[in-house]
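What follows is a structure written as C-alpha cells; I'll ask about it next.
Just so it is clear, A, B, C and D label the chains in written order, and each chain counts residues from 1 on its own.
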Amino acid sequence: MTDATLYGLCGAALVGLGLFGLIVHPQPLRKILAFNLIGGGAFLLFGVVARRGASAGLDGDPVPQALVITGLVVAFAATALAVALLLRLFQETGRATLRSDDSQP
Amino acid sequence: MSLALDVLTILSVSTGAFFFLAGTVGLLRFPDAFSRLHALTKADNLGLGLVVLGLLFQAGGLLAALKLVGAWLLALLAGATITQLIARTARTDRSTM
Amino acid sequence: MAFDIGLAILVLGVAAWTIAARDTFAAVIGFVAYGLLLALVWVRLAAPDVALTEAALGSGLTGGLLLGASTRLARTQGSAAIDKPSAIIRRAAAVLCTLVSAGLGAIVLLLPEPAPTLAPQAAANLAATGLGNPVTAVLMAYRAIDTLLETVVLLLALVGIWSLAPDQLWGGLPGRRYPVDRDGVLTFVAQLLVPVGILVGIYIFWVGSIAPGGEFQGATILAAMWIFATMARLADSPAVSRRWLRLVLVVGPAVFFAIGLAGFAIAGGFLAYPEAHAKLLILTIEVPVTLSIAATLALLVGGPPERALR
Amino acid sequence: MPNSATAGGFLLVLAIVLPIAGALLSLVLGGRHAERVALIVMPTGVVVAVAIAATIWRTHSVLQYFVGNWDPPLGVAFRADGLSAVMIVTAALLICGIGLFARTQFPTPRGVEARASLAFWTLLLAIWGALNAVFIGGDLFNLYVALELLTFAAVPLVSLDGSAETLAAALRYLLFALLGSILYLLGAVLLYGAYGTLDIVLLSSRINAEPAAWAAISLMTAGLLAKAALYPFHLWLPPAHAGAPAPASAMLSGLVVKAPFFIVVRLWFDVMPRVPERTAAQVLGLLGAAAILFGSVVALRQARLKLLIAYSTVAQIGYLFLMFPLAIMPETGHPWNSVAWTGGILQAVSHAFAKAAMFMAAGLIAEALGHDRIAGLSGIGRALPTTVFAFGLGGLSLMGLPPSGGFVAKAMLLTAAVAEGQWWWAVVVLTGGLLAGGYVFLVLAKALADTSQPVTLRSRISQSRQTLAVAVALCAVLLGFVPLRPLELLQIGRPNTAVVDVR
C-alpha cells in the first residue's frame, strides 16, 4: 500500500466520522464542526488523487490541489455564515438549538 | 563531518522531544492552571529550542537557518503572551470565586 | 511509511475525539489540532500550497471563528441533552456512516493505475503563464473563472452576514469591542507581531508565483493580523457603511473582472492573457485580490454590525 | 488549438459577468443606488438571455466557450444547449418580474442606506448570476462554485426580516445546503480520480458503468437532492420559503431549487448517458411520487397561505423527478423518452412562473390583511380581485388544468407513463393533480366567499403590483399553448432521439 492509498482510506474514514457527527449532534455548532471534519476528509481525497497523479516532474497533479484551495476558502465562508446565523439566533431566542418544531411555526 | 552533525542533531532533537513529553505529562498531571503553565513553557522554550537547534545542523543555508530561528522566536513570543494571558484570566477567575 | 501510519491514526483519533467530546469548547480545540495535523498530511502528500492554506485558513481562522462562537454560546451547554436523538437513530447513523466510509475506501483502493492526471498539461503550459508554481497557474490561469467566482462567493457570504444585523445597528461597527488590555501585554505583543505578520503575509503572497504560497494563504495571514490588531485594541473594525471599506472589499474581484474582460481585446478571450504580459497581468490581479480577500476574511470573522455608529 | 469558442460564445460570459458586476457595483455604491443598478441590469440581462436563445435557435447547435482559451480538461468550458437557453430565458424574465414587483417592498430610502434593500438588490443580482453560471457550467467543479454562489445569495434572503423563526429557517437551510455541497464534492473527486477530468463532455465519453462512477453519481445526486428539497430532504424548505419576504420566496421557490435539479438532469442525461440504470431511475421516481403525495396532503392541512404554497412546492418538485424513470430507458432513442424529458423540463419552467405568481399574490394578500391565515381570507376576492385572479391562474398550472404549462407538462408525463407501460406514475400524476385542486380551491373558496361586511385593508395595494403577479402567472398559462410535442429548442444539443407527435 502506498502512502497515498493510506491517506485515502484515512480520508474515507474521516468522511464517515464527520457524517456521523452531523447526524447525531443536535447543537448546530457541533454540526458546523462536523461539516468541517467531513470537508477535511473530502479534501484529503482530492490530495490523494493529486498525489497519485504525480508526473511530468511534478510531485502531484496541481489541478486537484488548486481545487482544494478553492474548496477550503468556500468552506470557511460557509462556516462564517453559519456561525453568524447561529449567534444571531442565540441573541434573539437565548437558545442555540434547532428544535424539530421549528419547521411548524 | 556530516556524521558528527547527524549525531548532534539526533541528540538535540531527542532531548527536545523529552522536554515536550515532560511538558505534556505536566499539563495532564499538575493540579492547577499555574503549575500546568509552568510545565508547558518548558516544552515551548526548551523543547522547541532544542528541536530547532538540532535542525539548524541540517539547514541547507543561512536563509533556511534564519527562518528556523525566526519560527522559534515567534513561538517563544506567542507562548509567553498566551501564558501571561491565561495566568491573568486564571487569577481573576480565582479571585471572583 | 511508519510515520504516515502513525499520522493517519493520530488524525483519525483527534477527529473521533472532536465528534465524541462532551464539551463544545474542547471539541473546537480538537478541531484546531485536527487542522494542524491535516496540514502535516498535506506536506506528506507533496502539496505544500494546500498545507499552508489548511494551517492558516482551515485550522487557524476557522478555529478562531469557532472558538469565539463556542465561548459566546457557552451558557447554552445544558439544554443540549434534551434534543439528543434516540439510540435507534444513532445506531442507524453509525451503520450508514460506516457504509459510506467503507464504500469510499473501496473506491480509493479501486482507483485506476496509472492514475489519470493533468500534471503534464499543467506543466507544459506553465511557460505561457509566466509563473513558476503550477498550483498558482491553475488558480490564476487555467481555472481562473473558479477563483474569480470564489472571490464573489466570499463577498456574498459577507453581505449575508452583514444582513443579519438588526436594523438600528445597520451601518455600524462589526463585532464586539474587545475588553481593555489592562497590563498591556497583548498590546505590546501586537505592536511587535503585527508588522512582522504583515510582512510574512506579503511575502507568502509574493512568493506564490514561483514557490508554495499565494494570494489566499497570504491574505489569510493578513486577515489574522487585522483580527489580532482589533483584539489588542490597536485598531477597531471600520463601520460597514464606510465607502472606502466597500471599495477595498470589491477592488479585487472588480480588477479581476476588468482584466478578464480586457482579455477579449488583448488576448482573444475572457480571462485570457497575452503570453508576453501574462505574469504582469496576473500580478496586477493578485495584488488587489489579496487585499480584498484579506479584508473579507477578517470581516467574516468579525460578524454582523453590533455597535451603532456613534 | 482548435477553434475554442463558437460564434456568440462571449454572450455566455456576459450572462455571468453582467449580474455579478451589478452586484459588486451595488455594494460599492451602497443601498441608495442598489435598486437603480438592478433596474439597469435587468433589461440588459434579458437582452443577453434572448440573444443566447436566438443564437442557439439560429445555429441549431450548442453554444460553447472555453474560458481563457484553455481547452478542457485543463480549462473550464461554458456550454449552452437548448435546455440551458430555456432556463436562462426563464430566469431572466422571472428575475425582472420579481425585481419590478419588489420595488415597493424594498424601496430606496432617502439619504441613508437601508439594510434590507441593499441586501435584497445585491442578492437578487447575485442569484441571477449564479443561476446563469449553473445553466451554462460545463465543468463539474465550476458548477460546485456556482452552486455555492447560489446558496450564499439565497440563504440570507430567508432571514431578511430578522425574526427568530426565519433565522432558524435560514440556518437549517444552510446546514442542508452544506451537506449537499460536501456530498457533491465527494462525487466530483471520485470522478476526477477515476477519469482525470471534470468536464461534462469529456466525462461522458470516458465514463463506464463501474463502482467509481456509480458511487460518484449517487453521492452527487444525494447532495443535489438535499439542495433541491426532494422528499425526504424537504424539511428545510417550508419554513425557509414561507418565512422569506414574498419576492424572495418567489425567487427561492421558482428558480433557486431548480438549479440543483438542473444539475441532476445534467448528471443523469449528459454525464452518464451511456450508463442507463433503470432501478436507480425508479428510486428517483419513487421519491418524486412520495414528495407529490406527502407535499400535497400536508399542504391541504396548512392554516397559513404561505406555508400552503411552500408545501405545494415540495409536491411540485416531486413531479420533476418523475421524468427520470420515464426518460431513462435501456434502449436509447425510445420514442417516448423525449416526451417525458420535455414534460419534466416544461414542468420546471411552468412551475417557476406559476409558483412565483402565487407567492407574489400571497405576499400582497398578507400585506393587505396583515396576516396570511387562510381562515381569515373571506372577502379578499372582492377587495383584491386581480391578486386572487393571479393566484388562481398559478393554481391552474399546479393542478394541471388546460390551458397552462402545467397541463402540457403533466399531460406529457402522463402520456409517456401510459405509453411505456409504467402506469403507476400516471396514477401519481393524476392523484397529485386532484390534491393540488383541493388546496387551490380551499384558498379560492375562502377568498371568494360572500361576506356581508366588506374587509378592511391595512394598506392599499397598488394595481401595478397586482398586474405584475398576473403577468407572471400568464407566462405559465401561455406555456400551455406550445404544441403537445417535444419542443425543438429543448432538443438542441441532445443526442438524436426519435420525435413523436402526441396528438
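We adopt the following convention: a contact is a pair of C-beta atoms (placed from the backbone, for glycine too) under 8 Å apart; a residue touches a chain by one contact, two chains touch by 3 or more.
Please read these numbers as outputs of a predicted model, since none were measured by experiment.
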Q | Winner on C-beta contact pairs when C-D is weighed against A-C | A | A-C
Q | Between chain A and chain B, centroid-to-centroid distance (C-alpha), Å | A | 31
**Q.** Length of the line joining the C-alpha centres of chain A and chain C, rounded to whole Å
**A.** 13
**Q.** CA centroid of chain B to CA centroid of chain D, Å
**A.** 57
Q: Please set out, as single numbers or ranges, the residues of chain C touching at least two other chains.
A: 104, 108, 111, 115-118, 122, 142-143, 146, 150, 153, 157, 160-161, 164
Q) Tell me, which residues of chain A touch at least two other chains? A) 15, 32, 39, 45, 48-49, 52-53, 63, 67, 70, 74, 77-78, 81, 85-86, 88
Q: Go through the chains and record each pair that touches.
A: A-C, A-D, B-C, C-D
**Q.** Complex contact set, residues of chain D against chain C
**A.** 4-5, 10, 13, 17, 20-21, 23-24, 27-28, 30, 65-70, 73-76, 112-116, 118-119, 122-123, 126, 129, 133, 141-142, 145-146, 148-149, 152-153, 155-156, 159-160, 162, 167, 186, 190, 192-197, 211-212, 215
**Q.** Complex interface listing, chain A residues touching chain C
**A.** 3-21, 23-27, 29-30, 32-34, 36-37, 39-40, 43-45, 47-63, 65-70, 72-81, 83-88, 90, 94-97, 99-100
Q) Which positions of chain A touch chain D when the two form their complex? A) 15, 22, 28, 31-32, 35, 38-39, 42, 45-46, 48-49, 52-53, 63-64, 67, 70-71, 74, 77-78, 81-82, 85-86, 88-89, 92-93, 98, 102-103, 105
Q: Please give the residue numbers of chain D that touch chain A in the complex, ascending.
A: 74, 141, 144-145, 148, 151-152, 155-156, 159, 162-165, 167-172, 174-175, 178-179, 181-182, 185-186, 189-190, 192-193, 196, 235-236, 238-239, 243
Q | Interfacial residue positions of chain C with respect to chain D in the complex | A | 103-104, 106-108, 110-112, 115-118, 121-122, 125, 141-146, 149-150, 152-153, 155-157, 159-167, 170-171, 241, 243, 246-247, 249-250, 253-254, 257, 260-261, 263-264, 267-273
